[in-house]
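The letters A, B and C name the chains in turn, as written, and every chain counts its residues from 1.
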Amino acid sequence: MTLPVGILLDLAGTFVFGISGAMLAVRRGLDVFGIAALAVAAALAGGMIRDMLLGAEPVAAFAQPLYLWAALAAAGLVFFAHRALERLANPVMLLDALGLGLFAVAGCRKALQFGLDPLPAILLGVLTAVGGGAVRDLLVTEVPRVLREEVYALAALVGAAIVVIGDRLSLPEIWVLPVGVLSAFLLRVLSVRRGWQAPKAPGSGSPD
Amino acid sequence: MTLPVGILLDLAGTFVFGISGAMLAVRRGLDVFGIAALAVAAALAGGMIRDMLLGAEPVAAFAQPLYLWAALAAAGLVFFAHRALERLANPVMLLDALGLGLFAVAGCRKALQFGLDPLPAILLGVLTAVGGGAVRDLLVTEVPRVLREEVYALAALVGAAIVVIGDRLSLPEIWVLPVGVLSAFLLRVLSVRRGWQAPKAPGSGSPD
Amino acid sequence: MTLPVGILLDLAGTFVFGISGAMLAVRRGLDVFGIAALAVAAALAGGMIRDMLLGAEPVAAFAQPLYLWAALAAAGLVFFAHRALERLANPVMLLDALGLGLFAVAGCRKALQFGLDPLPAILLGVLTAVGGGAVRDLLVTEVPRVLREEVYALAALVGAAIVVIGDRLSLPEIWVLPVGVLSAFLLRVLSVRRGWQAPKAPGSGSPD
């Protein structure tokens, strides 16, 4: 039975992305409903987009109430403890990186279960991973982090690609999934810490 | 036969949200197609999102042409009569509040019909209610009203929660639905008139 | 057998919209992943929205890997040849106009195949045509071109309406589809070259 692994990955990603959304809301001075809204958007939008694109409806975020509770729990935690969370080093970045890995792996895995080819499955993994954060940022009219920050989509892509390779080689999921999550997480965190940049088109303008 | 009630709620919400979208377009100086586009987006996006998340496709807004006509009628009315509409006190706010209540109730009701649990059904009602307005605002790159204004999502939540409670207690819809719509409408209007605010996280920044 | 025509229209639109997305990314100074992301968004979002609204899932962009390759090929071409492409007269505008016509026709045609009525089918054609560009622009927090520029949605609408009329009159697709694409393309290009404007609501403000 493979379902619980998918739900577990999803729930963990939901919680950490929920925290990232709620903390952005606190920083922007939004009220308790804005905090809940950004937590829910960041936590659930990626998976909702994934399920709508696959035709897996009603989407998991509604079919399984645990997701919603996880997002709201993240909002509640941030509401009361955001000052403590802020004191941790770049906590939003770290949680975002973890959610990125968890959702890339979960999204790609579900895409393979729905019979998608490797390339679309990897893209859907990336979309699941970056979708929630993109909706979160767009809701406060910021250019999504995935477009502003180097090696963000790449990290998700590596995590998803590991799932596809593991599936092709019939490797056991118990190893493949954690390796995929960790690879995406580490690549993302290292790229931030070291200031790695992806190449730009030769002769293109500077970011604005 | 319960279908007509759902369509009626949807059509009324569609028309009033269509007016709110068209009036925003006029205020931003958009042309006749921009007016139609924002009317359609404000009027139909919430229900489209609801139906895509539930798997009720083709979405009602396309399966039943009346919705589209209602949105276009709203755009036409605003195109010719926007100066008269503006003279009414805060007409966009009042219509928006009414659409909020209508869509929260209609969305939650449809979610229950699709077998969703109470909490997801309430969230889907809220999402139906705030989705069209959020898309409307995002299209002109404004932070959605649901994040900027206090007691907006809460009003939708109360309307949706009344539907869930009525469903649990098997109360007749002929009473439950209007009470849900009116509660959301009144809570929203009163909160604007009285300047009610939802609490912010202790020690959080001010809105920007 | 009618499927190949739909795929051909879609692939051509995908490639040219992909170029428009990638060139916007280059102009905004985004890195190679940002270029791929905007190419994929501009190329595939319109068709994804169409398929999610119709219930045609998994969406064509994932069920058929060719779409993704077309979008990525557009991104690769722009990455290496964007300076040559920029020297062509308004190349993004021309490609955008062509993609607009291709997607309006393809979207409307698919909507009719799913049994939609003429008016919803035309709207879905328009939405397919303007959806990718709208997502592309929103991702870099610009007001979508469809709202800023005159005779943009109208061009898509004319292309889609020709498909509906041809369908009603049972005219052969081999004539109707190219006429629809060309009409939308020419109307869009002429409106830009001649500075045609759609009427605004009497007494409305100026654009901002």
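One rule holds for everything that comes next: a contact is a pair of C-beta atoms (placed from the backbone, for glycine too) under 8 Å apart; a residue touches a chain by one contact, two chains touch by 3 or more.
For each chain, UniProt lists the protein as follows: A, B, C = Trimeric intracellular cation channel family protein.
Quantities reported herein were computed from a predicted structural model and do not represent experimental measurements.
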{"item": "Category of the chain touch graph - line, ring, star, complete, other", "value": "complete"}
{"item": "Equivalent interface positions on chain A and chain B, same or different at half", "value": "different"}
{"item": "Inter-chain centre distance, chain A versus chain B - centres from mean C-alpha coordinates, in Å", "value": "28"}
{"item": "Chain B, residues touching no fewer than two other chains", "value": "52, 55, 138, 141"}
{"item": "Residue ranges of chain C in contact with chain A within the complex", "value": "25-38, 40, 48, 52, 55, 57-59, 61-63, 65, 68-69, 78-80, 82-83, 138-141"}
{"item": "Chain C contact footprint on chain A (complex, rising order)", "value": "52-55, 111, 114-117, 119-120, 123-124, 134, 138, 141-144, 146-147, 150-154, 197-208"}
